[in-house]
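Structures for review follow.
Two complexes are shown next, each including chain A; its partner changes from chain B in the first to chain C in the second.
What follows is the complex of A and B.
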């Protein structure tokens, strides 16, 4: 059976400076309004409870933390400033530190930021009349990608926790 | 007035209609847009991986804005607006993080400026330009249109951070639409999310969220849905066909950016507003205006 790990719990609490996670009294306002509840069974109040009990290792290794759609309703409505959103983001950060499985989309976005400075690649689009358009033939200015020094600076930032 | 503009990634790489319509309409309201000489990701996808690095990216945007010498920065994307607002708050409250970020920026010769005031399209037009000025500029009122608005999530939550509109009852986008001569309807699903952020990890669920919301809005018999975020535009307009397939719905529903409507009301040609680029059937809506 899983055992609580209070060291890991402390790690999450450190990342959440200022948020009163322990004050959660399970009113379930967060879960009742959660965008990801119906389709992906995310239950923010359970996440808070599990962190409070010290089951952080299990959560950091679980797929459930990647189902949050970041609509921010949970923390808006939380009467106790427990912010499930921030707890979930802290758990994701911890999962990355531990090299747990991270959805491909996030890895791709971050490597694109490192390569080009932007999280998305520039696309050609097709109009309703099936003509191809891009920034150039739409007469939009060229994208001002960051200068070379950005890459090293971003790498440095990625090394910090 | 002059304002610096940070477009973020999605507008610059695929949501061209939003960019075109902002570039066309703002000068007509006496606003000169000044592009940053350099740009980078606001930090949104990085937030899930490394919060520090995300705050660094957001702070870098504010440092680039500082280079323009202007005090105001327009951020037309909801996600970028949120990530940069939150980074501003973290840097103000947590001096350890703040000092380290300032240090890294310094290595590139960049200076973080905490006093840059950030705006989204909606509060900039509603609060700073003002409804009266917009009404005055309208030359072709959009009479007879009944529309639903979708403010999106991250410009209205969470209030403690200081957001663009009320978290539970956003009205500004509706009021802006009203000034163009069109009517807005309230609907039960108004606060439902477009699902865009799940495109990183759960594509089907993301499309299903978009499709479900569109099915409801379409059923109310309105002429279209008005958005003001490139993510919402992507999900409701660009991906409408995929959303319909995934949600098992029949969708044939016009979705436009607010600035496209504004442009029409100011008398700008459709092509200049990127109205040929919308993937949803906006011709239905356009023919109603010209009729």
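What follows is the complex of A and C.
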């Protein structure tokens, strides 16, 4: 790994007002219970230690920070309130700021919200009897697309964050 | 006209390295009423003290001002010195030129010297108005109260009794012994806990100087150091202590089953029982909440009466109130074990095979519910995989931030015992955060555990899962190998931490002892006075002051006893005269002082004046701590603080503000 970068570390700490990232004493509870550990190899205790020691740049540019499924088990069970979840979110925000690699799924979700106001696209549902249901044949009202004022407000909120 | 001597100490270079002491001495000579001013390298030394004593005689000094280190260092020394020269100890004023000047302003020597002059001027202004005071002597009771009959209380009681004091040992439970009686073996020696404890318990019962009051609680505490008035309520056992022979025939016939508290609910006992296998006194007790006759107040059952050959059952026994006078008090009420059902993710309270460390102690003990066999509580089978999980409820901001101090060592002991009981046929894991083996022989004990092929996993599990049939499984990540271990234990033992006793709030109120942030009882100073509470005459011993193991508890208990003996040995104690005093002529009887005093040191007395009865406040000197709240609160100015009168303090303020006026204003 490269040399520690304390400026980048400061950036992360600023995003975490009031959260005791630095207090982590490596009890490993978070990693032991991490939903994304077995298949995706996410180790929250390692992420916190790396950030604490200043190895932020590699993490912000990595794939691993995008594996967190935000189950919040680590947040709930950490005995020192170090919250790996918030640290990972801060790293993700830093990655977006730096225009590092962001998984396509997230980018798609953002543009979808901008265009339709919804995080998930409207989908057809197939029942067990192989019948297809959609908003039209269920006689549900059409979904209105958001106005420009919404899109402007959304862009503004994103910039402020 | 007062004759004041001023002495400026160099304190080696501590003061003289920053402050121009010669200048300060010259300045002091210029102040009114100052007859002599000198300086010396070490005023507190023999020659320094001699200088002051000789000057008192030579110049006829009646006030002494010393510019030196903090009064907390040598005020007592200098008080003794001036007394030896025939001057009253309280006609001495210490001016702090070290902590308040040379150490605080070491980078500004000129300003420091000016400040020194100001402080000396203020000290001289106060010294002019000081009055002679005498220490008071009060007689003390040569007896002690020990609250709590665990190992701490037992040790204290024995030490106090051996020193010749009369000791009253009060214990809430039906027997003394406390937590230590529940343990199987003790670390790091693997001594049998009951074998080393029971001889002491018997000594307590037999000691001519100890009055043992079990099944009793303290209900009120009045008085002051050396003269406490205690009220104790002895709850009824419904069994005559003198008649009962401890045969336990009653227990065999009682139809009401209740969980056995001594076995942490792992087994059942009866509504009439002897508290534990090592109970002292060995007398039966009936639980009034469960006994059919007592609960329903009807003439039913009575099987125990029929069975008892000693005719010891007494359903009409009443609580007994006992009044005592004691000189000193030792609080040794112990601690409790964390209830892990607060941590739902660990399965305690839901799954029978997840047990606490104290439950394991009963399980592995020969006089416990399984006769010492380590079995899974769900089916009684021998476990093949046993896992210990550390730091449950401790080092955790959600529950208790502190480290419980004994968890690591207790688990090592229990892991070693598991290996000894079950041999090679069991896999033992310890999941830990840090392994704290800090004491004498402790790290060697850790080595012993590793030698017995016990696996240490550097990591804590997030949760413990259980299936509907009760089988346990959980994952834990190990820092050393970077592997996720998937464990399927038959038995999980949680290292629950020691937590403050639920009664501590009540105890604190009764004895006016505060609690620290972690909830345990607060000591007078964490480093230098760990055995004393803030209340004079009340001492702390054992886990009630903070979680600790047996060696530290015994040390503290003996120390607390020594402090009590120290206090009461001569039969009298001296009280500092720095107390508040009421001028009856000015007192309006408004009682504001009584309401603000934190030490219950104000008594209202009725006086007859002009055929009317008037209430006047009076300060109980032995209780007064000289805090000054009443002095400030009194609306008529009837209360003054000796040695810190308004005139004295205001003279200092005046001297601080205007140099010129102070010079001209002297007598």
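Just so it is clear, the second predicted complex is superposed on the first by the 149 of 161 C-alpha atoms of A that agree within 3 Å, B and C clash if a C-alpha of one lies under 4 Å from a C-alpha of the other, contacts with A are read in each partner's own complex, and residues count from 1 in each chain.
The rule is short, and it goes like this: a residue touches a chain if its C-beta (ideal position, glycine included) is under 8 Å from a C-beta of that chain, and two chains touch if they have at least 3 such contacts.
Predicted, not measured: the structure shown is a model, and the values here were computed from it.
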Partner contacting more residues of chain A (chain B vs chain C): B
Partner chain(s) touched by A:29 [first = chain B, second = chain C, both, neither]: second
Which of chain B and chain C A:37 touches, first, second, both or neither: second
Touched partner set for A:92, first chain B, second chain C, both or neither: first
Chain B versus chain C as contact partner of A:73, first or second or both or neither: both
Set intersection of chain A contacts, chain C complex versus chain B complex: 73
Footprint of chain C on chain A - complex, ascending: 25-34, 37-38, 43, 45, 73-74, 77, 79-81
Touching residues (chain side chain A, partner chain B) in the complex: 15, 17-18, 35-36, 39-40, 66-73, 75-76, 89-90, 92-93, 96, 102-103, 105-106, 109-110, 113, 117-123, 125, 127-129, 131, 133, 135, 138, 140-141, 143-147, 149-150, 152-154, 156-158, 160-161
Residues of chain B touching chain A in the complex: 9-10, 12-14, 16, 19-20, 23, 35-41, 44-53, 56-57, 60, 82, 93-94, 100-101, 104-105, 107-108, 153-154, 157-159, 167-168, 191-193, 195, 197-202, 205-206, 208-209, 274, 276-279, 281, 283
Touch list for chain C against partner chain A, complex: 345, 391, 395-398, 433-434, 458-463, 474-479, 484
